[in-house]
Structures are given as structure tokens and as C-alpha cells.
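Chain naming follows the written order as A, B, C and D, and within any one chain the residues start at number 1.
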Amino acid sequence: MIRAAIALLAVLAALPLFGLPEYFLHLGIATMLSAVACTGWAMMGRFGLVSFGHGAFIGIAAYTMALLWNYAGLTPWIGLPAGVALGMAAAALLAYPCFRLRVVGHYFALVTLAAGEIVRILIVALRNITGGSLGMTPRLSPDNALAAMQLGKHGFWWLAVLVWAFALLTWWWIDRSMSARALTAISEDEDAAASIGIRVTREKMMITLISAGFAALGGALGAQYRLYLNPESLAGIGISLQIVFGALAGGMYSMLGPTVGAAFTIALEETLRVSFGTAFIGAAPLVYGVLLVLFILFLPRGIVGWFERRR
Amino acid sequence: MDPFLLEAIVNGILLGGVFALPVLGLNLVFGVVDVVWLCYAELVMVGMYCVWFLHTQAGWPLSLAFAACLPVVAMLGLLLHLLVVKPLLGSPPITQVLATGGVLFILQGGAMLTFGTDFRSLGVEMPPMEVGEIFVSGTKLVAFVAALVSAAGLWAFLKFTYVGTAIRAIARDREVMPLMGVDPQRIYLVASAVGGGLAGLAACLLVVQLDVHPFIGLSFGPITFMICVMGGLGNMLGGFLAAFLMGVIISTGGFWWNTEMSYVVAFVFFIVVMFARPRGLFAR
Amino acid sequence: MEGATLSLEGIRAGYGDFQALFDVGLKVSPGEAVGVVGPNGAGKTTLLRVISGMLRPKAGTARFGSTDIAATPAHMLPGIGIAHVPENRRLFPHLTVEENLKVGAYIPAARRRYAEREAYVFDMFPRLKERRHQLAGTMSGGEQQMCAIGRALMSSPRILLLDEPSAGLAPLVVAQVFALVQRIRAEGLTVLIVEQNVAQVLRVVDRAYVLDAGHVVAEGSSAALASDPKIRSAFLGGH
Amino acid sequence: MLMNRRTVMAGAAALAAGRASAQGSGAPIRIGLLHDLSGPFAGAGSVPLFQGAEIAIELFNERGGVDGRLVQAVSADSQSRAEVAINEAERLIGQERVDVVIGVYSSAHAVPLAQRMQAAGKILWINSAIATAVLKGKNFTTIFRPTVHSDQYGEGSVMFLSEHCERTTRIAPGNFKLGIIYEDGPYGVGVATALEANANRVGMPIALKEGYSATAPDLSTLVTKLRRERPDAILQVGYNPDITLFLRQAKSGGLRTRMVIGHGAGYSQIDRLTETFGREIDHFCNVDPAATQMLSPERLTPQARELQQILLDRFRARTRSNDPPTHASMGFNNTWVFLEHVLKPAVRQGGGSVEAMRTAALAVDIPVGGTIQGYGVKFRPPGDEMAGQNERSIAVVMQFENAKSIVRWPTPIAAGPPVMPLPASSPFALR
């Protein structure tokens, strides 16, 4: 198992050396970073904590990182962790009262949705600092690209592989911890879990922070890779739902599910758009929607979940 | 009182009228079937296209186009239930929500394929009314009254018919319903059709105020969900009142601060309400 | 509406892997009042759930008159005359008393006779008439039990299934409830009643079955059972 | 192999035209066309922008391309989403191997695309995205924008008002109050910022400046605030659904003023506005590069005049449009400038390399009147603050009259003085 994992990582890390075309390299990086966000989301999603607001944490992390770089010259190598920490702090600020006051289920989902929209609108409204809806670009530093984390495709590929492996490792570690069992119990019956001594709020907070942290990490790295930040694609409903779709399509109950889902949704979107091209406007989202519904109807536990069940 | 502030408040209440019907429909479906239709605003969009097409392209009189819109969208609600929601009734809520999210893409894509991406306008208007220094849009006022009348009609249906009473009962206890001879599946169908019909009704009221395009749902979809939750999911009266509250908050927030930030004010208010009243502002 | 015989043979039923009933047989003739007694967890509630279609048996036959209960959707059973007052009453607390009764009269045959049935129920339970506009959830336990029975009676049933009507009620109220049961059966309605309160129930029924751990361990007339020393020692406190 | 249907069709159609094969030599020249064909921007002008570009390529090929080498368009849909635009750009340069991408409707897409294309050493030819910030201070060398930029919109409407307000309304520019409302996207913000800067420069007071989201379902509060502030002119920057909503709510909200000026996008779709408001929008003004039909042919060079007629005929035949939107002219005109004045010489002299195209672009020198939109073309050189911007682009102020637009500013090319203030027949006129 561990050997297979290392072999897989080695193959992934070696791929760019064999002259993978740039466009596929680009999609690969986008996929892995989006897989990090999806995996992060599923870490809490699989315990019944459904958030529609992970965009909020991504937006906070990405903008913190880029603003620190542009205005204070702080390297993203520090700015990124700082941004992710701030994103997690925002998650704590939002989640703690939710858990204490028992805002659950659809109510929790909608509260997080509102939080995502607030962050998006604030980024737009604070346009003097953030560039508003025009977006912002991190200041280029061609002489000092490494320090500025402006790595180009190969560098980012390896960074993405690393971060992705870290996300999976964390998942694996959670699965083996007591917390996984506690959270399963909580997701089944919160009161019963509390009555057998599980510290409900604490466990939920922990998984929420980890989840928000990975989403923020994946999203902010994506912004750094593209060297472009935009409120629409980093905060708000659009990105939040995109993450959920990916996690769900792949299967949020298995470790590789969100990754497969991210790869699947990106591949599907690209293929549909490119193959329908500009001939039938609207056909791509239509087919995407149909496939999504069919997937949920016939593979309710996602692609990976389906394979696991058959085995 | 500042007449302009008063006007902003009146406008907020009228805006609440815009939100009220979708909120009622969404709440009805949620209360009965226990599923959130993420594509609800897109059903409204289809209804708006339906009215636009029948009136401006097929040349039907407006009243007839309105009358046709209701059954069409109601039918769509039924189909949505039968094809997507029903097979997922036992699944986790997130799966159900996401499946209806898939339908959202289908409806948007379908609208683009059928009608293109242009903005379509009905071109119907009514003269404004002037009361003192306050101006009130005639169109909005009529839409507002229509929303109130429809809400009252819905209330009467739920209050005075057997099916309506069963709908209110099922929201609390679905397992016991067969003991009364009620087939929950049939009630789900009725609720889905009525929920769809309300989307159709909302479409009729919106199409005279807003241009229709495939993405119009994005304009009022998210806020509709929030209002629904704020009033208490499944709580019709709560949702109805919350619609007006939210309308006034957006309107006066825009008046005192600015139009952009008014939504931040509204969303922050929503979150605070959720913390204070986790089951909705008007939960019993 | 004429009577029909309820007959169960070899019923096995349970939840998932857990089996609650083992080869249970039972028969209730028209006009009879029959009790099912037994300790907590004996499968009494499961038995009623099988009869009213809320639970499908895994084996055995269940018939009411000419209808195969196991082959009929649950919501069709009130139409053939089965009314079930479930455990814990399960009223709609946010609806008024009158609205609860209205839901009870949902089936088409009952809707046509709504006024007549409502008058009958209000005659039997004058308290309900006084409180017809009150929310059901705000009434006392005894009143709620009356409302639940009234709701079941709205559909003009041929057999009334009562699940623990005395549960959670004060002794005085329990006596009232059983007096009502007696009145209902005196009017000729078939009654099947499940109870832990064995002493009380044996006073109002003709016959009873004793259920223990999913098996019928004894049956007979209420007088015979009441004097059976084994039953007495097991359920009646042994004096 | 990823193959675009439209590519195949365009190529086949051009071959069928048959003129090329006789002269022809060499592989087709592949050019990326990137527009928002779905999503909210599609209906806001991106589609006619694309159609204009397609007509230009079609015409160019009919005329034999570059000495027989045809241009093959590889079209892509950026779906009104920035990250899709980035993906498509990656695909166009990586998979489709194009050296040039033409189009780009939204400035929010132009920002990352410009950076990416510059880094990849490819040409980005921006036909529409107007925010000044896209180019300002960026020192790009392979990014060119033949069209106007947002500062010019601001200059256009403020200069127009300050020239005419005293004579027509007896209010000196120093007392002529402006109400500026704008959608909060890059286009609205860019133009609004320029409006404010220009108003400050000429000393015009600003009574209200407020942004709103283009998807807002209600703007009546904005109407109320404008009514309170009583601006003498309302300057709006918006797309279609929001300006229609605003005008509708302004009318029913009793908002009255002396002049309403729009700034392209929604206001450039006069057909659409007329469909909704009929003659109620008569005498509103709009600042934009001129749609070609607004310019009297005698002001154009003979070549431009000929192109003008071809575009109008073909666009009308394609879309049954009465008054082709400005974006159709922009798409055609700017694409044509590239094909005829950059691509042709670059292929003839430099083998069509990126460097040759860059050199050719910097050498373009088209006088005023030389393009179908009236402006000339001369790009700011590298090192300039606005490197890559066409310094001869002009935004004109035009006035609606009976579903037609008439140029009112700059005065030298105007077809007469404006009708101002709004006449009593307008439901928006002061009483």
C-alpha cells in the first residue's frame, strides 16, 4: 500500500520530465490543486457537515497572500501560510457559534453560503486595495522567481503533487485517529455522542479547521499559479459549489474520491467545451448537468465509491 | 420623516413582494418533501421565457400567456420530482441538493440553446403612482398585490382543503400519514406541482419587471434561499414575513450606505439571525 | 359497515437483522374486543404495525376480511376499515384539534360523511368540541389521547387498533380512557388493544393474547387469563 | 486529437470559396478567437464582437488571404469566467499552436490573459476589453489594443457636457451636478473612475457616485437617492439587464433630469433598448467608439467606406439586425486592422513570426478616417506608460434619435449640436 503510494507519487512527479504538453500540464496542475480543495471539503462533508462557503476561506487566503506580496513584499512562501491561517481563523469565527448554537444541516449550509458571498462582495467593494472585480495580479519578479513563488509550470506541478500528497496523508491520518470514530458518531446522533463523552464542538471545530485549511491552501496556490486573483473565481457561490460538485462526483467517503471527482469535472468541462466548441452554445452546460444528475442518481457514492462497492 | 427614506422603505416592501412567492414555493417543497430545490430560481427563469415566448413570439394575449405559464412550470416541478428527487428520497440531503443543482445547469444550458444568450424584454408597463413626494411603480405595485393575493390563495388551500391540511401535517410527521389513508408520494407530487406553480406565478410577476436571460436566476436565487432559511425552512408564514424584512433591509441598507454594501448588510444580518435563532427567525 | 375478521398466521417480522415476532397467530372476530399484553419489548407494537401496514412481515399471512394486508399499500388500509392509534399518539401538534380530525377524515369515504363523523366524535369527547380551535400540542396528555382516538374514529373504521392508550397518563385519566374504550366497543366496533397495564385491559376486553419475546405464550378469555396464576405472577404483581 | 468543429467548418468554407487554391501556397495561418459565447457577457455584446471578427476573417480569406495562405480561425468560448479564459488561452497556445489570440470581451479576462500571453511570447489583440488598467504601467510588448480605453469614455462625456451645458441649460460647468452610477465590474469601475477624474479636472460637482452589481434584482433605492440629489445629468455605465432595469425603475420612480449619458455596453445596443423603451430613450447620449453606420461614408477613406458597406450588409444578413451594435463594428474593424495591416506585412516580410507581427504592429500608421469606426491606428511604443494602446482611438458621443445614433462630439465630426436638455416629450425630462 505504502509502496504503491510512493510509486504513484514518483510517476506523477516524473511526468513533466517526459514532455507532457503544456496544456495538459496546466490542466494537471489545476486538477491537483482543485483536488486539494475538494479533498479538504470532503473531510468535513463526509461527516455530514455540508458547507457551501469554502470559497470564503479560499478568497481570504489568496488575497491575504497576494496583498502581503504586493504591498509589503512578503514572499508567498510566508504569505501563503499566513493567508491559510487567516482563512482558518475565519472558519473558526463562523463555525464556532454555528456548532455551539446548533446551526446544522441546511441552516449551516446556507450560513456558509452567505459567508462566501460576503467575502466576494467585500473583495469587489474594497476595490482600491484588491482591484475589485478587475482582479489583481501579484507583482512579477522575474529575477527572483523562486522567492516570489513564481515557478512556472514544472515547478508548480511538483508543488501541487506535494500539497496533494499532504492532503491525502492528512485524510489517511484522520481516518486512523479517534476523531474519525468520534465524528462518525456525531454525524449519526449528536446527543448520543455527547452522552458517551465525545467533545462534540471540539471535534467538529477541528475537522472544520483542517477542511477550511486545505480548501484555502489549494485555492490560494491555484491563484498563485495563475498569477491572477479574481473575486468571482476565488470566493462566492460559484467556486464553493464547484468544490462540492467535484467532491460529490468522485465520492466524498473515499480518500481518492474527491481527487477523481476534481479530475473528472475538469476533464468533462474541458472536453465538452472543446468538442461542442462554439457551434452549439449552451450544449456544454446542458450535457454537464445531465451527466451530473445521472451520476448522482446511479452512482450516489461517487465514482470511487461505486468501484469500492463492486470490489 | 424623510420622504426619500420612506420611499426606500416602501420600495423594500415591494421588493419583498418579489422574493415572497419563490420563498413560499421553495418552503412548501422543503416542508413537504424535505428536499431543497437548488434550481428553483431557474424554474422561474423557464416560466419567464414561457411568458415572453407566448406573448411576443406566438402573439398570445398577455393574460393567456400568464395562464399557460403556470401549468407549464407546475409540470416542470412534477417532472423534477419524479425524475430527480423521487429516486433520491432516501439519500443524504447533500446528494439531493446537488442533483437539483445539476438540473440548474440543464435549465441554463437548455435556455441558452433554445433562446440564445440575449436579454428578452416583455415591454409591458404601467404608469407610476405619485403619493405626496413618493413615487411607486405601478408595475411593482400590481405585482405586489398579486403576490399577496396568491399568498392568501395558498394559505386558503393549505387551511381549508383536505390535501392542504395533509400537506401541513406531513411536514411534521411523514411516517404516520399512511395511517390516515394519506399516500405521502401523492402529497409529494401535489406539493411539487404547487411549488412549481408558484415558480410560474413568480415568473409572471417578475417578467414584467426584469428582462429574462438564461442567468437571471443568479440575481435572486441565493437571496431566496437565505430568506427561506431565515424564516425557518418549511415555515410558510415565517418565510413570507422574512421576505419583506429582507427587502426592507436591502433597500434601506442601500439608502444609508450603498447599493453594493446593502447585500453585505443583508447577508451579515442573515448570519446573525441564524446565530440568534438557529431554527429561523419565526421558528416556533 | 359490516364486520370483518382479522386473522394473522405465522407472522414473522422485525427491523433489519433484528427479529421481533416469531410465528405469531392471532384472530379478532367482528364485534370482539381483544387485548395483547406482555412486557416491554415483547413485540406488541410491532404486531400492530404489521396490521396497519407500517411494517411488512417477512413471513406469514395477515388478512382483514378478504384483504391481504401484506399485499396492500399502507395508505389503502384505512379505506378498508383499519384505524390505528399509534404509540405516543403522534398527533400533529401544530394543527388544531379540528384539523387533526380533518386529516383523520382524509380518505374519500370519510370526507363525504365528515359532518356526521365529527358530530359523533364531539359527542363522544365533549372536551374536544370545546377545544376544537386549540393547537393539539398544547393540550393535556389525556386530551391528546382523546384527540388521537377521535382522529382514528373519523374514518369510520371497522377495527380500531389502540397502542398503549394509557401510556404516560395519570391513573384517573387512564380510567377515563378505558371507560371510553368500553363505550366504543359497546357500540359494536371491533377493538384490538395493546397494553402493558394488564389489570386494566383485561377488564375491558373479551379475550387476550400474552406476548413474550416475540412469541404468543398464552391466550384465552380475559377472565381465564386474569385468574391464571402464571399470568398473575408475571404481570399482575403476584397477589 | 482535439479538433474544433468551427475550425473545420471555417476552413472548409474558405476552401470552397476556391479563390485561394489557384494562387495558393502554404499552410493556413491559425489564429485564436476568444470570446464569451455563453454566460452573462454573451448577451452583453460579446457575441456580436465575435460575429464581427468572423466576418472580417471570412472577407480576408475571400480576398485571398496572405498571397493565397488562408487564415484559419480557432474559436473558443471563455464562458464569461476568468479561469475558463485562462484554460482556453493555454489550450490555444499549447494545443492549437496559435501565435495570436484575438478578441477578449471582459477586462477581468484581459488582465490575466495579457500577462500569460506576454510571458508565452504570443500576441494578444484586444478587440474590446477597455479598462485602462489592463495596459497602464504594465510595459507589455506583445499586447495590442486598437480600441478605446476607459479613460477616453470619461473624457468624452465630461468634455461633451462642459462644452454644451452652459449654452443649453444656463448652468455653468462649475454648477452642473453629475450623478454617476456604474456596474461594479472592471468596465463600470474603470469608466466611472475616469468620469470622476475628468469631472474633477473641469470642476464639475459630483452629486452621487455609486456602484451596483450588474445582477442586482432591484435598483429602486439608487433611483430614490438620485432623486434626492437632483443631478443635472445622469451618467450610467452598465450592461444590458441592469440599464434596462434602472431605466424602467427610474421612469416609474419619477426620476427626472436634464440629460442621460450611457457609456457603451448596454447603451450601445440600441436595437434592444428601442425594443423595450421605444422612443422614450430619444435624445439620450452614448459614449463609445462609433458603430460604423453612424459615420457618414464621406468622412472615411474609400477603402474604409467599402469595408463599412460589406460589414453592414453581411451583419444584417446574418442577424437581421436593424442597427448593428457597436460591438459588431469593433469586432470586425479591429480584427481587420490586424489581418490587413499586421498579419499581411508580417507574413510577407518576416515569415509570420511573432517578432515580425510585433514589428508590423508598431509600424501601423492609419490616419483618422482610415478605419470603419473613423479612428486611425498608431500604437504606443514599448516603454510608454500605455504601451500597446492605440493612440488614435476615439470615443465619440452620439445621441439617440428615432432608433438611430447621431454623432454629437467631438464637435469637428459632429452632425450638429445636441438636443439638450431632454425635451418635454421625454418621460425623463425635468418638468
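Methods note: a residue touches a chain if its C-beta (ideal position, glycine included) is under 8 Å from a C-beta of that chain, and two chains touch if they have at least 3 such contacts.
Fair warning: this is a prediction, and the values are worked out from it, not measured in the lab.
Student: Grab the C-alpha centre of each chain and report whichever is closest to the global C-alpha centre.
Tutor: B
Student: Tell me which chain's centre, taken as the mean of its C-alpha atoms, is farthest from subunit A.
Tutor: The most remote chain is C.
Student: Could you please state the distance in Å, as a whole number, between where the Cα atoms of subunit B are centred and where those of subunit C are centred?
Tutor: A distance of 43 Å separates the two centres.
Student: CA centre of subunit A versus CA centre of subunit C: separation in Å?
Tutor: Once rounded, the distance between the two centres reads 55 Å.
Student: How many angstrom lie between the CA centroids of subunit A and subunit B, rounded to a whole number?
Tutor: It comes to 31 Å between the two C-alpha centres.
Student: Between subunit C and subunit D, what is the gap in Å from one C-alpha centre to the other?
Tutor: Centre-to-centre distance between subunit C and subunit D: 78 Å.
Student: So which bits of subunit B are touching at least two other chains?
Tutor: Residues 112, 116-117, 260, 263 of subunit B touch two or more partner chains.
Student: Taking each residue of subunit A in turn, which ones touch at least two of the other chains?
Tutor: Answer for subunit A, listing residues that touch two or more other chains: 121, 124-125, 281-282, 284-285.
Student: What pairs of chains are touching here?
Tutor: Listed in label order, the chain pairs in contact are A-B, A-D, B-C, B-D.
Student: Under the touch definition given earlier, write down the residues of subunit D that touch subunit A in their complex.
Tutor: Subunit D reaches subunit A through residues 2, 4-7, 9, 37-38, 42, 50, 75-77, 79, 81-84, 86-88, 90-91, 93-95, 107-108, 111-112, 115-116, 131, 133, 184-186, 189-190, 211, 213.
Student: What part of subunit C is in contact with subunit B in the complex they form?
Tutor: Per the touch definition, subunit C meets subunit B at residues 52-54, 73-79, 83-84, 86, 90, 92-95, 99-100, 102-107, 110-111, 151-152, 155.
Student: In their complex, what parts of subunit B are in touch with subunit A?
Tutor: Per the stated touch rule, the residues are 30, 36, 84, 87-88, 91-95, 97-99, 101-114, 116-117, 214, 222, 225-226, 229, 233, 260-261, 263-264, 267-268, 270-271, 274-275, 278-280.
Student: Quick one: in the complex, what on subunit D touches subunit B?
Tutor: Those in contact with subunit B are residues 37-40, 42-43, 47, 184, 210-213, 215-222, 224-225, 227-228, 240-241, 244-245, 248-249, 251-254, 272, 275-276.
Student: Across the complex, what residues on subunit B touch subunit D?
Tutor: Residues 4, 7-8, 11-12, 14-15, 18, 112, 116-119, 121, 123, 125-128, 130, 135-140, 209-211, 213, 215-216, 218-220, 223, 250-252, 254-255, 258-260, 262-263.
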